[in-house]
Amino acid sequence: MIDFILGHYVYWAIIALLIIGLYGMIFKNNLAKKLIGMTIFQVAIIMFYVASASKWAATVPVLDTALGAAEAAKYISPLQHCLMLTAIVVGVATSGVAFALVISIFRTYKTLTESVLLERMKSS
Amino acid sequence: MIINNSPALAPLLLLAAAISIPVLALLSKRLAYLTAIATSLVATAVSVLNLWRVWESGPLRYHFGGWTPPIGIEYVVDPLSAFVALVVNAVALVVLWHAMGLADEEIAGRAVPYYSLVLLLLCGANGMILTGDLFNLYVFLEIFSLACYGLIGIGEKQAAVASFRYLIMGTVGASFYLLGLGFIYIVTGSLNMADLRNILPLVYGNPAITAGLTLIVVGMGIKMAIFPLHGWLPDAYTYAPSTTSALIAPLGTKVAAYVIIRVLFYVFDAGYVSGALPMTDFIAWLAAIGIIYGSVLAIAQNEMKRMLAYSSVAQIGYIGLGIGMANPFGFIGAVLHIVNHAFMKGTLFLVAANLRKNSGHSDIARLDAAYRKKLPWSMAAFTLAALSMIGLPPTAGFFSKWYLALAAVDKGNWVFLAVILVSSLLNAVYFFRILERVYLLPPPAGEKEGEGFPLKSKTGAGLGLGEEKWGLMIPACVLSFCLLLLGIGNAGIVKGVIQRIIPIGM
Amino acid sequence: MLKYKYNPIILMVSRVVSPFIMLFALYVIFHGHYSPGGGFQGGTLLAASLLLIRLAAGSEIAQLQFRSVLGTPLGSLGVLIYFGAGFTALLFGGQFLNYGFLPVAGLTAAELRSLGILMVEIGVGLAVMAILVAIYDDLLEGYQDD
Amino acid sequence: MKAVNHLLLIFFGALLIYASLGLPNRGDSEAVMHREKSPAGSPGASSYYIRNAYKDAQTPNMVTVILADYRGYDTLGEETVILTAGLICYLILRRNGTSSRRREETGEEGADAQI
C-alpha cells in the first residue's frame, strides 16, 4: 500500500491543480481571472505528462558517454518531454490570442466583469 | 514525385501558401486573395487525386521523415478520410469564391492576415482528417481552433466576447483531449492509431483507459458542439463576419464529429465502445435531446444567422445520433449527414450573407415578397437547401435521415425514430416560416418595386432587380445544386465509399 | 495609461545586459544538440532580450533595435526555413522531412540528419523570436489607442 | 446553475481519481510505456528513442532528435500554431492594417487618408 501511495501521490496533487484551474475558469467573473484558471489547467496537464516520464535512478535524456551504452533504464523517457514542448507552445499561443481578445473587448465595452459585459452586449 | 507524396501534399500546400501570403503581400495586397483561392483549388484537386488513388489501390500510408509508425508519424488515407477531406476542401473552395463577391467591410483593410488565417484553418482541418497519430491530431486541432477564434473575433462589436467564450470552451475541450491522451499513452505506451488498435484490447479493464476515452469524447464533444456542450456556438456563428460564419459553420463541427468517429470506431473497436462501456448510448441520448432542443430554439429565433446556428446544433444531434446507435446503418447515416450538412449549412449561410450584403439585415420579420424579386437565385438556393434540411426525397438530406431511421428501426429504439420524425416536422416549421414570407407575403403597401433598398444595392448587375454581382449568387446555387447531385448519386456514394469502411465488430 | 517614464538606471542596465542575453540565447539555440536547449528555448530568450529594451526604452526608441513591422514577415520566414528544409528532402526523393535525402555531399546519413536538425532549430528560433515580439507590439498597439 | 457547475467539478475530480488508480507506479522502469516491446509486440517508442537516437542522428540530446527528426512534423505544426497566434494578434488589434505610429509619422496627410 505504501509504494502504491508513493507511486501515485504526485498524480493526485496534479489532479488537485486541474480542479483548481477548472474552478477558476467556471466560477470567476472577471475575464482575466478566467485566463489565469485556463493557464493553471494547461500547466497542470504539462506537469502530468512530465511527471509520468520519470524513472528511479535515471538521468536527463542527454546521452552521457560516462554511463556507457544507452539503455532504456538509465535515461528517463524523452518522448513526453518533446510532446510537452508542443503543449507549452500551444499554451503560449492560446494565452496570446486570449489577451488580444480581452484587449479588444475592453476597447469596445470598457469592462471585464462578465455580468456587466452581458448587459452592455444586450443593450448595444 | 507528386503521386507518391500525394497524401501529405494537401496540408503542406495550404501551409506553404499561408506562410507565403505575408511575404507576397509586400508586393501587392490583391495577391493575398488570389493565393488563397488558387491554393484551395489545388488542395481540392489533390484530395480528388487522393480519393481516386484510394479507390484504386486501397488505404495509403505515408511515413513522415521515413520513420515507420510507432517511431515516427504517419498519414493514413482510407476511403473515409479521403472522402471527408474532399468534401471539406470543396465546400471551402466555394465559400472562398463567394468571399470575392462579398468583399466584407470587416475584412477590407486586413485582407492579408485574414486570408492567411483562412488557409491555416484549412491546413488544420486537412491535417486533422488525414493524420494517423493521436498527438499530431491535437496539434492540428489547435491550429484549426486558433484560426477559428481569430476569424470570429473580428466581426461585429459582440464578436470579441463570443470569440472569447469559444476560446475558453475550446481550450477546455482541447486540454481534455490531451489529458485523455496522456492517460491512454501511460497505459499503452503508443500514440499511433493503428498500433493502439492492437494494444488496447489487452488493457481494456484498466480504469485509466475508460477515463481516457471519456475525456477524449467529452473534449471533442465540446468542439463538435453536441447538446449540453454547445454553449459557444450560437453567439460565435451569429456575430462572426459573414464569410467566416459561412466558412466555419460547414467545417468546424463536422471535423470534430469525424475525429469522434475515428477514435470511437477505429482506435477503440465498436464492440467495446457500445457493449462493456455504454459510451455510444450516452452520446445517442444526448444527441436526441439536442435535436429537439436545437429545433425548438431555432423556431424561437428572429435573426436568420442565429436561427441557422441553433439549427446547426440540431443537425449535429443527427450526426451524434448516427454515431450513438453504433450499427452499420447508423454509421452510414452519420457519415452521409456530415457530408450533407456541410453542403446545406454552406448554402444557407451564403444566402444569409447575400441578404446581409444586399439589404443590410437578415431579420426574418422584415422579409417579404420584394426580397424574392431582389434575390431570386439566392432565394431559390435557399429553398432547395431548406427542402434538403427538412428531408424531401430528391435532395441529399432525405437519404441521411432515411439511413438514421433504418438504424433506429434496426436497433429497435422507437424513441429515436420518433425524434427523427418530429424534428423533421420542426425543421419544416422554421423553414416554411421564411419561405412563406418570401414567396407569399406581399411587400408593405406604400413601397414601390425596388424603392426601399439602400442605395448601394441598386446596381442591378445580376439577373433580378438589385441582385448583386454574379459572384454572390452563383456559389450559393452551385452548393445547392450539389445537394441535388448528392441526393441522386447517393447510392454510388454509399456503395462505393462508405460501404467499404464500416468498422469491424459493428 | 502606460505612460513611459524615463529612468536612466533601468535604461543603462538593460542596454548593457541585453546583448549578453542575446549571446546566451544564440548559444542555447546552437548548443541544442549537446545540452538541454534548442529552437524554442533559444527563441524565447532572444525575444526576452528584445522585450527588455522595449520595456526599458519605450517602443519608439526600441525600433532602432528591431523594427516592429518586421515581426510577422520574419515569423513567416522562420516557418519557411523549416518548411524549406523538409521540402528539399521531398524534392530529392525522400518523404517530407526525411533529412537523409538532403543534397549535402560527403556526409553520412546520421550527420545529414544532424545537419537537418540544426537547420530546423534555426528556423524555429527565428520564428519564435519574431512572433513573440510581434505579439508584444500588437498587444501594446491595441492598448495604446483608447 | 451554480449547483450544476459544482456537481460537474466533483464528477470531473472523481473521474480523474478513478483513472489514476489504474496508472502504474510513477518511476518504475518496468512500466508498460518504458518497455522495449509494447504488449502487442510492436516496438515501444520511448525505449527505441533512447537506444537509437545517437546512432540515427549523431546528436546526444535525445529530446532534440525526437523534436526535429522522429516527430518533426509535430514541430512543424507547432511552428504553425505560433504563426497563427502572431497573425491573429495582428488581425484583431491592428486598426485596419495601419499602426497608429505610422499614422503619426505620415502626419496630417496620413490622417486624411484614413477618414
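Remarks
Going in written order, the chains are labelled A, B, C and D, and every chain counts its residues from 1.
The rule is simple: a residue touches a chain if its C-beta (ideal position, glycine included) is under 8 Å from a C-beta of that chain, and two chains touch if they have at least 3 such contacts.
Since we're looking at a predicted model, the values are computed, not measured.
Chain pair with the larger contact count among B-C and A-C is B-C, by C-beta pairs in contact.
Centre-to-centre, using mean CA coordinates, subunit B is 36 Å away from subunit C.
Distance between chain centres (mean CA atoms), subunit B to subunit D: 24 Å. Averaging Cα coordinates per chain places subunit A and subunit B 29 Å apart. Among the residues of subunit B, those in touch with two or more other chains are 15, 19, 22, 64-65, 113, 135, 139, 142, 146, 149-150, 153, 160, 185-186.
Residue numbers of subunit A whose C-beta contacts span two or more other chains: 18, 22, 52, 62, 80, 83, 85-86, 89-90, 92-94, 96-97, 100-101, 103-104.
Those residues of subunit D in touch with two or more other chains are numbered 16, 20-21, 23-24, 33-35, 45-46, 49, 60-61, 63, 67, 69, 71-78, 80-90, 92-95.
Chain contacts in this assembly form a complete graph, since each chain touches every other chain. Of all residues in subunit B, only 1, 5, 8, 12, 15-16, 19-20, 22-23, 26, 62-66, 113 touch subunit C in the complex they form.
Residues 72-73, 75-77, 79-80, 83, 87, 90-91, 93-100 of subunit C touch subunit B in their complex. Contact residues of subunit D toward subunit A in the complex are 2, 5, 8-9, 12-13, 16-17, 20-21, 23-29, 33-36, 45-47, 49-51, 53-54, 60-63, 66-67, 71, 74-75, 77-78, 81-82, 84-86, 88-89, 92-93. Interface residues of subunit D facing subunit C in the complex, by the touch rule stated above, are 55-61, 63-65, 67-69, 72-73, 75-76, 79-80, 82-83, 85-87, 89-90, 92-95, 99-101. Of all residues in subunit C, only 32-39, 59-60, 68-69, 71-72, 75-76, 78-79, 82-83, 86, 96-97, 99, 110-111, 113-114, 116-117, 120-121, 123-124, 127-128, 130-131, 134-135, 138-139, 141-142, 144-145 touch subunit D in the complex they form.
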